[in-house]
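Both of the next two complexes hold subunit A, though its partner changes from subunit B to subunit C.
Moving on, here comes the complex of A and B:
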């Protein structure tokens, strides 16, 4: 019972982070600011949702796989943010040189 | 508990729908790539919840593939925009 309550709490927190990431993507003025909001929000959102679901899994193998999915998502998100930031930076530099 | 999990899936799907609308409304490539990243993460979250609801482990494998593909999309687009050099 207490595990269910904890699970619901963590899921709601995760949803909050997903929604705030969406708001950041929608309302922030600058692409770097959006990058910041989005990367943080979906790492934490997915992490909390995953932790909430960990209390509901049938066996340990599932739990291990959940954590692995989240770790891969962390690495993927970091690579993604880095690629976009470097791309944007180079684009702006190129624009400055031609101006 | 399953009702709560399904409600979570519905909320996540709504967020996914709105971020699709954001992709459509933005003109700039980086914004669209950011929204695609959000789509990937949301898809993974939905698949994780559905895996627990339906007790199917295959959803977890799909989630792993979805995470990987979101990165591949960004890598391909940023590389191509640079003209494919370096």
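Moving on, here comes the complex of A and C:
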């Protein structure tokens, strides 16, 4: 019972950070700032969802799986943010030279 | 044991963990593992040995979790305010890690931690990053991450030099 309550609390908290990331995507002024919002808020949001689900796992293998999913999502998010940032930076520099 | 075999075993274990040991799924997994191994050939840096410290890893995990919390809260505080308060800027930081896995790891951590985003390594060899708020203590934050990464990889780091 107490574990279920903890799960619900952590899932709701995680959801709050996902919504925050989404709000950042909408409200932040440029692409770089939006990348910040997505990487940081989703890192924490998914981490909290993962922790909430840890209270519901049937065995330790599932727990390892959840942590791995979180880590893989972190790697994907960091690599994607970096690739988008590099692309954008090159584009802007190219623009500056032609201006 | 050659590095490629070790990485192959690691990736295979990862795949089997994620699929709960479903051997049939290797039909999909094995080609991607091979692709990942092949992509190793694309790296351009000179290989160097990697060492890890168990205590350093524990410290790093604690640090990373704490900073993740701070980073998420920082974003949440900014987006829920009536007026979004940002002071975005580009920032340059000297790199102490040579090109390769440790540097990449450091750069990816920067992107996941509060208010900083790695962009690229500029021609002068410095790391160019984007900061959400240049009124914060960017250099101090980066130096702390650098110290934790050194601890993790058991590197002797003294006052920002290797």
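Please note the rule applied: the second predicted complex is superposed on the first by the 99 of 99 C-alpha atoms of A that agree within 3 Å, B and C clash if a C-alpha of one lies under 4 Å from a C-alpha of the other, contacts with A are read in each partner's own complex, and residues count from 1 in each chain.
Note that contacts are C-beta pairs under 8 Å (C-beta built on N, C-alpha and C of every residue); 3 or more make two chains touch, one makes a residue touch a chain.
As the structure is a prediction and not an experimental result, all values here were calculated from the model.
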First, second, both or neither for A:10, with subunit B first and subunit C second: neither
First (subunit B), second (subunit C), both or neither touched by A:57: first
Partner chain in contact with A:35 - subunit B first, subunit C second, else both or neither: both
Which of subunit B and subunit C A:45 touches, first, second, both or neither: both
Subunit B versus subunit C as contact partner of A:77, first or second or both or neither: both
Subunit B versus subunit C as contact partner of A:20, first or second or both or neither: second
First, second, both or neither for A:65, with subunit B first and subunit C second: both
Residues of subunit A contacting subunit B in one complex and subunit C in the other: 21, 35, 39, 45, 65, 68-69, 77, 79, 86
Residues on subunit A engaged by subunit B in the complex (per definition of touch): 4, 7-8, 11, 14-15, 18-19, 21-22, 25-26, 31, 34-35, 38-39, 42, 45-46, 49-50, 53, 56-58, 62, 65-66, 68-69, 72-73, 76-77, 79-80, 83-84, 86-88, 90-91
Partner subunit A, residues of subunit C touching it in the complex: 14, 17-18, 20, 65, 68-69, 71-76, 78-80, 84, 86, 88, 107-109, 111-115, 117-120, 128, 130, 132
For the subunit A and subunit C complex, residues of the former touching the latter: 16-17, 20-21, 23-24, 27-30, 32-33, 35-37, 39-41, 43-45, 47, 61, 64-65, 68-69, 74-75, 77-79, 81-82, 85-86, 89
Parts of subunit B lying in touch with subunit A, wherever the complex brings them together: 1, 4-5, 8, 11-12, 15, 18-19, 22, 28, 30-31, 33-35, 37-38, 40-42, 44-45, 48-49, 51-52, 55, 57, 60, 63-64, 67-68, 70-71, 74-75, 78, 81-82
